[in-house]
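Right, one structure below, let's go through it.
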Amino acid sequence: MVNLSVDIKGLALKNPVMTASGCSGFGEELTDFYDVSELGGILLKGITLRNRDGNPYPRMAETASGMLNAVGLQNKGVDYFISHIYPRIKDYNTSLIVNVNGSTVEEYVEVTEKIAELDKIAAMELNISCPNVKEGGMAFGVSCPSAEYVTREVRKVYPRPLIVKLSPNVTDVTEIAKAVEGQGADSVSLVNTFLGMAIDAVTRKPLLSTITGGLSGPAIKPIALRMVWQVSRAVKIPVIGLGGIMNATDAIEFFLAGASAIQVGTAIFKDPNIPVQIVQGIREYMYRHNVKDINNLIGGLQV
Amino acid sequence: MLIAKMYMLVIFAGKSTRMKKVVDQFTVVSNIPYNSTNYCITLKSSLPLEKIEAGQFTNVEIPGNKDVFLRRPFSLFEVDYKSNTVSILVKILGKGSKTLTEVQSGEELSLIYPLGKGFTLPSKGEKILAVGGGSGVAPVLHLARNSHLPTEKVHVILGARSASDHIPVDHYSEWATCHYTTDDGSLGIHGVVTSHPLFKDLTQFDRIYACGPLPMMKAVAAQAKLADVSCEVSLENLMACGFGVCLCCIEPTNKGNLCVCTEGPVFNVNNLKW
Amino acid sequence: MVNLSVDIKGLALKNPVMTASGCSGFGEELTDFYDVSELGGILLKGITLRNRDGNPYPRMAETASGMLNAVGLQNKGVDYFISHIYPRIKDYNTSLIVNVNGSTVEEYVEVTEKIAELDKIAAMELNISCPNVKEGGMAFGVSCPSAEYVTREVRKVYPRPLIVKLSPNVTDVTEIAKAVEGQGADSVSLVNTFLGMAIDAVTRKPLLSTITGGLSGPAIKPIALRMVWQVSRAVKIPVIGLGGIMNATDAIEFFLAGASAIQVGTAIFKDPNIPVQIVQGIREYMYRHNVKDINNLIGGLQV
Amino acid sequence: MLIAKMYMLVIFAGKSTRMKKVVDQFTVVSNIPYNSTNYCITLKSSLPLEKIEAGQFTNVEIPGNKDVFLRRPFSLFEVDYKSNTVSILVKILGKGSKTLTEVQSGEELSLIYPLGKGFTLPSKGEKILAVGGGSGVAPVLHLARNSHLPTEKVHVILGARSASDHIPVDHYSEWATCHYTTDDGSLGIHGVVTSHPLFKDLTQFDRIYACGPLPMMKAVAAQAKLADVSCEVSLENLMACGFGVCLCCIEPTNKGNLCVCTEGPVFNVNNLKW
C-alpha cells in the first residue's frame, strides 16, 4: 500500500488530485460518469454574491494544445448555491471546495461569510485571478497591496482552510504568493488562465465575444510548472499546482516542482475520467519507483 | 476504458435519475463518402450501447491532427443495438471534420455519449414535419425513423445547395415521406427549404422539427410560429466539453443562459430569444 | 499587384515577414534552402560584447505545441561578428537587423556603437527580454525605469531604426512599451519567450541544464496576439508581432491585431521554408479578400 | 514543396560552396519491423535524391501524434539513387519514434536532408573497424557499405542486449565482415562491444568508427586512444532544427561549443572533451 493522502494545512485530502474550478461544474455532471469519491476533491464552479449571466456567446476558442474561455463566472449567486445546489452535493464523499469571486472586497467577504456556514464545505478557494470579468478579481490578483487586502478581510471571516488562487499574468508571482501568505492564506493554488486572444482571419473578428479570454490546457503547462516551482520555494504554505495537467506524468512533474496537490481543469473536457485515471497513474508510478508516500515526492526535483 | 465502464455499472446500480454517460472506445466499421463533403461513419462498441434518443449527440476525439485539441460534437444518426453500432454523418466544415472523414475501418475512436436531450417524440396519430439542411440532416432523419408513425404522417424536407450535395436517403422512405429542395433547382423544389409547398399549410402538422444552418432554422421557426405549430430546433453551438461542465455552449433562453449540451441541443423555439 | 511593403519608421521592408532572432542564425543556414531575398528581413542571432559559450547541454525540451530553449546567447561577440560574419552576409538582398544584448547598459551601448558603423545593417533590435541569461537583459525588460534607461542610452548612439524587443513575462506589457516609446524607440517587437520549465518524471531532474528556459511556438500564440493587440493600441510607433506564427493565417491575425510586420521563429525549426511560404500565403489572402495594400490590414480587427 | 525545390534549382545554379539542403515530401515504400523495437522504413522521393554521405542524417516530421511538436533526426541508412529511395532504421525510444514506426506504405513524410557532415571515408588500402549499438547501427552500416574496401578490410561489430534485438544484416556481408556481441551471450560474443576480441589489437586498423549509446562510444574511443588509432564517433544530441539555426544541439569541443547538426554528427574523438 502506498499513501496518497496529503494535508493542505488542515484540508485533508484522500488523494492529491482535485478537479479545477469551472471545469467540473458542481461535481454533478461528473457523477454521470463515475463515483466522485475517487477524487481527492472538487473545486466547485466559481460563485459570486449575485446571479451572473456570464458573457455572451461565443465563449470559447480552440488554440494549439489549449483553449481560450470567456465564460465570465456564470452562476446563480451564493444564495441559490446554498439553497439549491449545496443540498444535492453535500454528501459526496470527497472534499468540496468553493471557489469565491467578487468585484469588491465587500462582495468577497459577504460570499465568504455565507460559505463559512456550510459544514460540508472543506475549504475555500479565493479567486483573485479570473481574467474574464471584473468580478473575477484579476485586478486584485496582479498587485500585492490589493491581494493582501482581500486576503486579510476574507481571512477574518473564514475559519477553515483558505486557498488563494493566483494569476499567472504577473511579472513576479512569488511576490503575490508571499503577500497572501503574510495575510494568513493556508495555501496558494496556481495557475489560473493566461489572458489570450483569438482572431478569425476571414471575418476579421475576435473569436470570443469579449475579445480576450483565458488560456488553459497543455500549452501553458511549462509556464505553470515554472511558477509552481518558484512559488513553492518562496513560501512555507503548501502549494496547489495546476495548468495543463493531462495525465499522471504531468501530475508527478508538479509534485516534484513542489505542489502538494494538483487540480485538473481543461483535461476534463477531453475526458471526464482523466482525474480518476491520474489517481491510478500516480499510484502505479509510486509502485514502480518504490515511493511509499506521495509526500516524499513533493518538491523532490533534483537540481 | 473497461475499468471506467465497470465503475459505472457498480455506481449506477439503483442510483439517481441522472442520465448515465460514458466515454467509450469504438472501432470504425465503415466510412462511406456520400458525396464530396458528407461522410457516413459507422462505429462499433465492444460493450452494449447505452440507450440513445433521436437528437442526442456524441463528442468525438479527433485522432491524428496536431491542430485539433478538443473533441467535436456530432449527432448520433443511425443506432443499432443488436450490432452495437452507431453512425454519424460528418460534413466537412473545417480541420476537425476533415480529419475525421479520413479515418479508416479498424481504427479506434473515443466517443463520449449519449449527450444532450433529444427531440420530443410525436404522439400516436400526430403528423410531423422534419426539416434538415447541411450537417443538420442527421438528427432529423434519426427522428423520422424513430417517430413510429406511418410514413404519410412523417414528412421530411432536406435542403441543400445542389443535387450533388444531397446524401442518399432512399431507404428512409420506409419511415418517412422525403422531399428535397436545392438552391439551384437540380433536385426537388428550386429554392430554400421554406420555399417548399408544404410550408404553404403548416397547420396540417402537429409538430415541426428543424436542424441546420441558423438562418434556415430561424426561417422554419418563424413560419411555425405564424402557423402556431409547436416547433423544436436542434442547435449546434460551439462546445468544449459537451456534458455540462464548461458553460461554453450557452444559448440565451427565457430561463436565462442555458447549456446547449445538457439542456439542449433540442429546444422548443418558444423558449429561445429568436 | 498587391503591395506587401511596410515602413517601420524608416526601416523599409519589402514585405512584412522576417525571421526571428536566434531562430535563423545569421541567415546563412537559410541560404542552404532558398534565396533569402524572398524575406522581408532577417533578425540575426543575438550578439553580445564578448564571446559567450552559452549554457551547457541540454538546452532544449519539447512541450505541447512548443519548445523550451536555454541557449543562453551563445555567440562569438560583436567584434567577431563584424570581422567574420558581417562581410559574408552584408550583401544579402533583404533587411538585416542585429539583435543586441548586454548585462549592463554600458555593454549594450558599446555593442550598439559598433553596430552603428555597419552600413548594411538596416536596423537594430534591442533585446531586453531574453529569459535565459543575465546578458539577455530580461531584468531590464520587466520594469519601466530600467527599460527606459537602457533605451535612452542606446538611442543616443544609434541613429538608425531602433526596435526594442519586449518580454511577455510582465503584468502589463503596455507600460513597458510606452516607457521605451517615450525614450525614442522607433518600434517595439513582441513577444520574446515565456519563462517555463520541464521536468523528467522518471529521473526527477529538470530537462534543461538551466532548470528554466524560454517557451516558444504555437502554444504561446494566443497570449502573444493579445499582447500585440494591447500594445498596438497603447503606443503610436509601429509594432512587430511574433510568437507562435506557423502560417499565413497566423500572420494575418497578427496584422489584424495591430502588427505592422511579423517575425517567424520556432516554425523555422519545423520547416525553414515557412517564412517564404507565409509571404506567398499573405499574397494569396490579399488576392482572395481583395486587399490591395498590406497596410490596410494592419489593426483591422473588427471589434 | 515542388515550388520550394524549383527555387533551389534556380538559386543554387552555379552558386556557393555551402551544402544544399532540401525539405522534401517522401512516400513510404515499406515499413518493415526487424524486431519488436527496430523498424526499417524505406521512403521514395518524386525528385532526384540529393547526394548523401554515410553519417549524414535527416530530420523527419512525425505525423499524427499530437504530443510530438518537433521533427526527429535519423541517420540516412540505405540510399538508392536509381529509385530515389532512402531508408532509415528506427529504434523505438519514446513517443515520436513509436509513432513513426506506425506509418504505412503510401503515407507521406516530410524529410529535411541531407544534414550534417558524414564520416571521413577510408583511403584505399586501409583497414577499418566500425562499431554500432542501439540506434547507432544505421550510420555504421552505411559507412561500411560506402567504404569501397574489400570485405576483409571492413570489420563491423554490432552490439545489442540479446540476439532478438539484432537486426538482420546478412546482406552486409557483401561489403563487410560482420561480428556480433550480446549482453546475454545469445549471439556472438558475450558482453559489450569492447569485449570483442578485435579490441585486443586495435592497431591492425587504420580507422575506427562508432555510433551508439554514449557509454559505448566513450568506451570505444578510450580503447582507440590507447591504441592511437584515429576514431570518429557519431553523436545523437537532442536537436530542434537539425540545420544549424537553433544552437540547441551543441557539444563542447576543443573549438568551443559546436553544433552537432552542422559540425557533426561525426566528430573525431580527439576534438571532443571526453
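In this document, chain identifiers A, B, C and D correspond to the written order of the chains, with residue numbering beginning at 1 in each.
Quick note on the criterion: contacts are C-beta pairs under 8 Å (C-beta built on N, C-alpha and C of every residue); 3 or more make two chains touch, one makes a residue touch a chain.
From a predicted model like this one, the values you see are computed outputs, not experimental measurements.
*Asks:* Using the touch definition from the top, list the chains contacting both chain A and chain B.
*Replies:* Under the touch definition, chain A and chain B have no mutual neighbours whatsoever.
*Asks:* If you check the contacts of chain C and chain D, which chains show up for both?
*Replies:* none
*Asks:* Could you grab the centroid distance between chain A and chain C? Build each centroid from C-alpha atoms only and quote it in angstrom.
*Replies:* Distance between chain centres: 34 Å.
*Asks:* Whole-Å distance, chain A centre to chain D centre, using C-alpha means?
*Replies:* Those two chain centres are 47 Å apart.
*Asks:* Using CA atom averages as chain centres, what separation in Å is found between chain B and chain D?
*Replies:* 53
*Asks:* Chain A: which residues touch two or more other chains?
*Replies:* Residue numbers touching two or more other chains: 63-66, 217.
*Asks:* Do you know which chain D residues sit against two or more other chains?
*Replies:* 66, 68-69 - these are the residues of chain D that touch more than one other chain.
*Asks:* If each chain is a node and each touching pair an edge, is that a line, ring, star, complete or other?
*Replies:* Shape of the chain contacts: a ring, since each chain touches exactly two and the loop closes.
*Asks:* Kindly provide every pair of chains that touch.
*Replies:* A-B, A-C, B-D, C-D
*Asks:* Write out the stretch or stretches of chain A touching chain C in their complex.
*Replies:* Contacts found on chain A: 63-66, 68, 142-143, 169-171, 194-199, 201-206, 211-212, 215, 217-223, 225-226, 229, 244, 249, 252-253, 256-257, 285, 289, 300-303.
*Asks:* If we count contacts the way the header does, which residues on chain C are in touch with chain D in the complex?
*Replies:* Against chain D, the touching part of chain C is residues 22-25, 28-35, 45, 53-54, 57-60, 62-67, 69, 71, 74, 217, 266, 268-273, 276-277.
*Asks:* Could you please specify the touching residues of chain D with respect to chain C in the complex?
*Replies:* Against chain C, chain D makes touches at 4, 7-8, 10-11, 16, 18-23, 61, 67-71, 110, 112, 237-252, 256-257, 262.
*Asks:* Sort out for me which residues of chain D touch chain B in the complex.
*Replies:* 63-66, 68-69
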